[in-house]
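In the two complexes that follow, subunit A is the common piece, with subunit B as its partner first and subunit C second.
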Partner chain A sequence: MAKLILLWLKCVVLWATVEAVFEDQVGKFDWRQQYVGKVRFSHFDTHVQSSKKVLVATERNVFAALNTRTGELFWRHVDKTGSEGNIDALLQHGQDAVLVVGNGRLLRSWEINVGGLNWEVVLDSGSFQSACLVGQQDMVKHVAVLKKTAISVHYLSNGHQKWIENLPETETVDYQAVYSDGNGEVYVLGVVPHSHITIVVYSMEDGEIIKQVNMSVEAPWLSNIQASCVVVGQGMLTCVDSAGVSFYMLDLHLQLQMTQVPLQSLALEVDPGFHPVLLSHQPNLARQPLSEFFLQLGPDHYQLLQLNNGQIAAMRDFKPVTVWLLKHLLTSRAVEENLRKFNSVFQLYVQAFLKKDDSVGYRAMVQTEDHTLTFIQQPGRVMWTREEALSDVVTMEMVDLPLTGTQAELEGEFGKKADGLMSMVMKRLSSQLILLQAWIGHLWKLFYDARKPRSQVKNDVTIENLSRDEFNLQKMMVMVTASGKLFGIDSKTGGILWRHYLDNVPPNAAFKLMVQRTTAHFPHPPQCTLLIKDKDTGLATLHVFNPIFGKKSHVTPPALPQPILQSLMLPLMDQDYAKVLLLVDDQYKVSAFPSTKNVLQQLQEMAASIFFYLVDSSQGRLSGFRLRTDLSTEQIWEVIIPPEVQKIVSVKGKRPNEHVHSQGRVMGDRSVLYKYLNPNLLAVVTESTDLHQERSFIGILLIDGVTGRIIHEAVQRKARGPVHVVHSENWVVYEYWSTKSRRNEFSVIELYEGMELYNSTVFSSLDRPHAPQVLQQSYIFPSSISTMEATLTEKGITSRHLLIGLPSGGILSLPKMFLDPRRPEIVSEQSREENLIPYAPELLIRTEWFINYNQTVSRVRGIYTAPSGLESTCLVVAYGLDIYQTRVYPSKQFDVLKDDYDYMLISSVLFALFFATMISKRLAEVKLLNRAWR
Partner chain B sequence: MISISMCERLTANTGFHFSSQVGDNLETEFSGFSVPLEHSFEVDDVAKFRVRGALVLKAGREPSVSLSQNQLSEDDRTKLKEVAAVDGLYRIRVPRVFLQADRQTERQMEGYLTAFVRACAMVESHLSDVISLHTDVSGYLIGVSIVTLPGACRGTEVEDEVDLEVFNTTLSIMAPVNAPGPETALFLERMEQESEKKGKNPQEQKSFFAKYWMYIVPLVLFLMMSGAQDQSGGGAGSGAANGGGR
Partner chain C sequence: MSLYEVPSSLSLTTALFTVITLQLIFLQAALVVAWCFTDIETGPGAGVSTQPNGDRFKIEGRAIVPGIKTQDWVSTARVLVEGEEYVGFLRTDGSFAVNDVPSGSYVVEVVTPTYRFEPVRVDITTKGKMRARLVNYIKTSEVIRQPYPLQIRASGPHSYFMKRETWGWTDFLMNPMVMMMVLPLLIIVLLPKVVNTNDPEMRKEMEQSMNMLNPNPELPDVSELMTKLFSGSKGSSKAGSSSKGTRPAAKRR
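So, the complex of A and B:
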């Protein structure tokens, strides 16, 4: 009994030990990078001369201020995803930035120095059209918001509504723009498409309609004011028709008639097929805009024009404008190369300022097509670049780094074919010498570094000195982003080592990244293959590259004329150690990559044991296929889940690189319960089409992917998705929303073969006639979750944890031990012996389980885990808007000595013991001798 | 065995809404209805399905199934052995049916559910197979599976032709099991029991102070008294000193 109590105590102590990092370990093993996404609106903060801020509002619903010197974030506000948090407009005045959010639902004002919220008001419903700041007597005090049916004016200081007016004749007129030039009037411009322009003038004081112009201004060519018109100079509405034939001008104060000025009279010509765009600038919102304005004639062609006494005059031609900007404003070859390296410029934000010597300086923030933000200062210096594509990582892999040069050389020696005994001996000796030399060099460096203060020792990782560390803790993270840009990131520091932009990626592409050859096969370079598939057409392309250097491989991938249904990586290798990738097209024909003779021969031999499955969720069809020796396929099984009742939402197999160390679990009575470890098992999750809270359900189907046998079929009644599933070893964990109890719940299914194994040497799906025992248990979870993944280690000895990304930005490491269907309701002697935790319906979130302490990871979309060279350590990358990399130790660092391990003490104790034995031995000898003499 | 896959997330666009018919038809009398169970085993592995027997399905709250099947003919026996020799497949298929419908026309649906075993396993097990039919929540047949007992192909010759004549089939129909929710009721009951157990023994409930107050209070009082005396003495002394200073 005492033993038992002791054991129990031990367990308690074990669980209670804190897993969090110590304060001095912060940032030692982990890093975080924060992103904002693709920029939609941007403003330079110019109200103070010394300000170094640029405000950005992005398509990922983020509003942030960037440091113009370093590119770092001053502050960042992440709003809701989707249309609810969509930023419609960004207006800046002095220290205030006004945002219209969620299709005109909210009006917010931010203080831009610290990023604090000044005020927020909820606007009346109605879809947002336009917003502008309204000045009066050289002071900007109001903001006007135009909606489909109403216009409202708010005080800039506190957000209170000054007045709101319904717009006249909203059934016919489409109001699109609002304009003010500081004379106490607000102009609302509307259009009846292809007919005429309507202008309503409101008094700033009380919202009274001063003037209303209707019908008289004919504009049959106009459908969108914001796209084709600007206000220039003394309130002159200037438009250009989409065909690019003429200018149209209308004086807003007089509103008589539109005067037409053909473009040809100014000797201007629009590029064929291009819709011309006008650009004007209103430097002071309380005054009128400048009389100079730009006309964009082509994608890269601008014309500067001036309006003078109602006459338009051409001033200067800029073509191509980006090159012009780079050449004249920012004269530097470095900048040019930096931008040219990637593709065309997407958006350009230029700030002009007066330098100390009264000359004009320029700063420019350039957003290129690959979502890179580059900040350039006038002498032609690239101040910083931000890779905003990384805010939308789709998939990633971690690849081992290559060995060092000397190690690689050694490998090379043995890789070559033997040629004679003598030369082999010489080779061996020389390589040993090289090793010795490298070792001495390493020792010398260690000694040299040890004398320097720690802060001076810097190991900058560059692509040249990349090499694997002792425990393989440093890896190359290959990240694929939605924009089609690939990145190679050093997992230790987070530095971007290479980037590669694929410019032919369709906008709705699905990506699948596969490692065909690891770094283990020197001298063959490692090889990754990215399958890019257009979701609409199903057509796919392959991009083959070296994951360490990012270079495109010289191996030419096969052209894929047919839509691809399925791709699978086989454990077969060709003579160059590249794993074989099988692609199944919509004719159920199989093609292999690489498709050398050797591969085809191996495929023919292995064909009978190559099975694959296809999922067609629109028809609820799961079907299995087998490869024939002539590389055609035949369907061998079919399961059809009627899509009228439930639809397949996810199909999860196991990770191919997963190892399970122990085949069974030792029970309290010393017998063994064997796990059902079927590598071909698929977990199919379905959701009911009926969403009524009483009748909705979630189905879990465990299907063998080879034979199509349904191993287990369960329904979770009164439950709804989204369902998150993790499938590993002999268990499936899923999370769902319980409509009955209105809470998030976790459920775990474990499969056991029973007390004896059917065939302990090898697992074959074709020869496992007995159905496994299925155990299941459910728990309440106090939070909703964003994503879920299980830890993975080298040999699978370490206990497993579930890594759960929470919407709050925390990443929780929940021991799998708590999700164990064998947790007993009533504690017995045997369950205590087995270290089972008594069942409690609620899973608690303990704060020390958060592996990212205070490093919030916004909008986690995925978690990637990879084993390291240390069995205790698992590398974790969480990605979403931010990227966070860390290490986790699910069973503590049992194979690593602690940082503060006292080498001095242990060695002095050893020495002392050694000498003590020597002395006592001597003394004993003397004593024996004396005794013998006696 | 290899089965790696990329799951295609196609959005299901189901045009019409499924209306639950589960509860409505329970009272109506179900006589079983039969569907064919077909099999195919060919040397060239091109499926040619022939009738193996008839499945009689009985719907209801607990669906049941029975099977009447023919013997294998002389030709089929030799063919099955030939197929087993080239490691061919023995396939079966069942038409898709909806068990809960009351009319025959509604029951039958388009398409088949198929499964397979290796033909050699079929031969070596002397035609002893286990067939299970799986239904979903609302009574649609979604899958069929077949395994043989024993399941392995060891290459043993089956000499006796008689062994391959009669099917020895174990048949079952399985509906999905209800996954358990969190067991709050039992847990609360257990907690209550525990607290009751504690309540029964009031002596244990009492805290240290409650138990020994009669010893502690006099001790504290005694200490306070002695302390106060000291203090008052000291205070008087200092007061005197102050007074002297003035």
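So, the complex of A and C:
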């Protein structure tokens, strides 16, 4: 029996090689962009003169090396998300980079040339404070890590711990910084807030306390050493108080008394309300820091100071820094324009180096508020920019590109009403002429380009020459990022065509992007609306823009004084073809956008058939509302799921632009099983609050969103989330973790009306007396998953695939055929007729099904699918840390010639046949003639 | 409508409650039994893995790609424990250690975009004893021991691509359709050369055999029928004669 099953599986697998990438298709219609996230720490790799690396450690727990020439990644290491992978510190020495990860839990050393790990050690628990490299006799051999209660020193070569010492008096003293300048001593600086500074000096050799100073150094103004103090010159601890009145200096070696130097004596003044910051530099870690240091006086104001024999002298004023940068570092016009776009410089990493002619050159990596990384080299050249905001895409839409003038003309012919035979013929002819003209122009361009060397031929896509292609395969990807920056990306090349930074976005905002008007309504521009909602207050704002050009629309969105609970796009359109957006506030009042008279009138007429639902997951309440003609609402149903037992995790409806081609499935005996296609169906997923592995469960409820009728409910015991759900057509697929068997499982629910359709013309939730038949089946999946989505095509004729993002970075295209509750356990004649695959408990992951081959996508957060103009083709964008765009053909390319269509063979066969007939005709003639002569 | 619907939702929630309470009672009983077996049979149960702030352990091993230098692939590799729950990185010599893993049972995978590694299930007891075994998702309690510290050897590069169907002469010739066309052609061309058709005796013999093949001589030939239909009565005699063959005509000359 097992053999039989295996055989069947093999057959199935061979037969079902539905989709895969061919090797020659690599990069043909797909692209990937890799990102690292917002930079937290950065180091230029300077240990080799010719090194082209800059190391970055980011807020998204990524450690990477970037190429300074191109901005591409040499290598990248993606750690766990959350606080456990959080990078606390980055230290670099030679070809080793030392990272402190997870609030001081792990100490890692990376080899930066190869990108491999040198070593990793677990540190004792305790919250991380500071770390530094410790040098001795001009050699850096150790790294010191300061925790809340202890200090440990590790060898740089293998990570082994040299010594660990508990810090004295940790109940009162808050140790914050560690410092070493290569004289065999490690200084630990602590503070008793608003009282005094404590300094403990350890011997490098054995961790013995050499000296301990407390009580004597009064510093009532100090609370945070790292924020306000630096060590300058020959071990002089220099601090500035938060009020910005004075400098305080303390010699770490003598530790007598803090000397106070008022800022006014140096003629310095801090911007009002600004907390001054000191910056110093220690070029060689085994030596003392430089005696020159910076004092930041304002957001854009720096002062260079020098410490000389215990005296501070002002050297130079840089105000504003960006202007200084413009003047000295970046002299070209292009950079200036680029910098002007910077909203404000967030972080700046400058590397000075000696050029071949002994002059000083600069390189600078600038990170701005909108998470753009710009790399600038001295003569004012922008080497590269990276839009790191794209590492955190929240939501996206694909918008059709506008038609060109000629295309619009051609389309117009079909739209207009027929007015007489003659004029129709004339129109037809003229449009053909236009086409001919365009074709000749195209040929001419080809010919013209062919004469030029290949390098000069540019096919750059710019906003000006954007137009829809024949099959609508090229679209505009509108991406919304968590930082509030919007991007318009050409889906064919991945080039960023426009970017727009919204600077007043709250940090915990939720976004919802909606297309109100597509490009189909020429002269009216397309229009997208972004709903930005503050998760805490619920207050929302609307940003209305043109998705093709990224420009803010002149349409003024309504002010929303009340928190918004729900937003819904109606299929109604106003006289300008903009779809109506309904916003429901916390008083259950409804406002419409646009809210012209025309719209309100339409709403009044339609009100009886507009229903919506609200979800309150904290109280476990699902409720349905109906719109009244006066735009007030009325609650018509409510389902309460007790929040102390289970919580609502997700509620998924169907995608509004989904088409279902066939209403039923033809069975083996030629009868039809009709699908239950309820457009108002919601799939509600709940998880138990009890997480114990024996008692945890997940539940799935199918609710009609209009009537609140529960169509079906299922409970999966001994299972827990995260649950991923896809809801489409007449099926719901969900994935969960089975705690009993410790594996991931897929389950599919399909709904059928039965052998007869109740009302085949129109579906109404209010008039469906029969409950649907529910079929369910579950499978084992040999990997956990990150996200899941179903393919979508223009008319829904093409079979569906599930696109599954895996933690390994692959995107698996799993035919829905494998997730079919009608898969039989015993093969019968009828099931074979129906092309049903016999049931096998385990779903296979075949690497041929990875649509992104080796172009892995890290931390896939979402997969967006959009139909193209070709029924066979579905456009796919996977986003997470990386962005990957491709096309998939779930039922192969049945509507266009395939890539490997053999034109040579066909034409050679044709020619051969043609010549064969010619020759044989001639031969036959000769033969006939000969016969006649006989 | 609402009056009708609310009771159904209520019934659902009560149903859920009963399910849960039943489950609780049943599971408490089952748990006791399960506890006894887990440590002996399959190593620690997953129940242990959820225990809070217990000891943390380290999963160690080495990944090997035969014939490839480690520095060529380690920078793209990661060690994933149970999805992305715990992440480890590879050292420059191909060895790895995943720190801070509580006791439990985990699937450990080495992932790279280029090479394929088989996953391994690692069981860690509460005391920190380690065991590695083959992953079997269907029979989860089956134990086929693997070496620990893990030795994971790549089973080759990933095959992401399909082979294009290449076109060759042999494929073309071996095509059944082509075979079906070529063989009759050969017969038509060669047979007249082998058999002397001008011999009247032979011809008679052949006609006889043809009649034998055609079981019902009265049944009209389709082509004949068509020609009759299109060419009318005048052409019928001609068509009839032509269909009989060109050989009589040839003889007349």
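One rule holds for everything that comes next: the second predicted complex is superposed on the first by the 840 of 934 C-alpha atoms of A that agree within 3 Å, B and C clash if a C-alpha of one lies under 4 Å from a C-alpha of the other, contacts with A are read in each partner's own complex, and residues count from 1 in each chain.
As a working rule, a residue touches a chain if its C-beta (ideal position, glycine included) is under 8 Å from a C-beta of that chain, and two chains touch if they have at least 3 such contacts.
Here the structure is a predicted model, which means the values were calculated and not measured.
Between subunit B (first) and subunit C (second), which, if any, makes contact with A:G708: first, second, both or neither?
Both partners, subunit B and subunit C.
Name the contact category of A:E694: first (subunit B only), second (subunit C only), both, or neither.
After superposing on A, A:E694 lies in contact with subunit C but is clear of subunit B.
Looking at the overlay, does A:S617 come into contact with subunit B only (first), subunit C only (second), both, or neither?
first
Applying the touch criterion given at the start, work out whether A:G85 contacts subunit B, subunit C, both or neither, answering first, second, both or neither.
After superposing on A, A:G85 lies in contact with subunit C but is clear of subunit B.
May I ask you to decide whether A:W119 touches subunit B, subunit C, both, or neither, giving the answer as first, second, both or neither?
The answer is second: A:W119 touches subunit C but not subunit B.
With both complexes superposed on chain A, which partner does A:I780 reach: first (subunit B), second (subunit C), both or neither?
In the superposition, A:I780 contacts both subunit B and subunit C.
Check whether A:P642 is in contact with subunit B, with subunit C, with both or with neither, and answer first, second, both or neither.
both
Check whether A:E111 is in contact with subunit B, with subunit C, with both or with neither, and answer first, second, both or neither.
second
What is the contact status of A:S764 with respect to subunit B (first) and subunit C (second): first, second, both, or neither?
first
After overlaying the two complexes on chain A, where does the subunit B footprint on subunit A coincide with the subunit C footprint?
635-642, 645-646, 688, 695, 697, 699, 707-710, 713, 715, 717, 741, 766, 780, 841-842
Using the touch definition from the top, list the residues of subunit A that touch subunit C in their complex.
17, 20-24, 75, 77-81, 84-85, 102, 105-106, 108, 111, 114-120, 122, 635-642, 645-646, 688, 691-695, 697, 699, 701, 707-710, 713, 715, 717, 739, 741-743, 766, 780, 782-784, 786, 807-809, 841-842, 847-848, 850, 853-856, 859, 900, 902, 905, 931, 934
Using the touch rule from the top, collect the residues of subunit A that touch subunit B in their complex.
512, 565-571, 608-618, 620, 628, 634-648, 650-653, 656, 679-680, 682, 688-690, 695, 697, 699-700, 703, 705-710, 712-717, 738, 740-741, 745, 747, 749, 759, 764-769, 776-780, 825-826, 839-842
Quick check: in the complex, which residue numbers of subunit C touch subunit A?
It comes out as residues 1-2, 5-6, 8-9, 12-13, 16-17, 19-20, 23-24, 27, 30-31, 34, 46-47, 50, 56, 58, 70-71, 74-76, 78, 80, 82-87, 89-92, 96-97, 99-100, 105, 109, 111, 113-114, 116, 119, 135, 137-138, 140, 158-162, 164-165, 167, 250, 253.
Which bits of subunit B are touching subunit A when the two form their complex?
Touch residues, subunit B against subunit A: 1-14, 16-18, 20, 45, 87, 89, 91, 96, 111-118, 121, 130, 132, 134, 136-138, 140, 142-143, 145, 147-153, 174-184, 186-187, 190.
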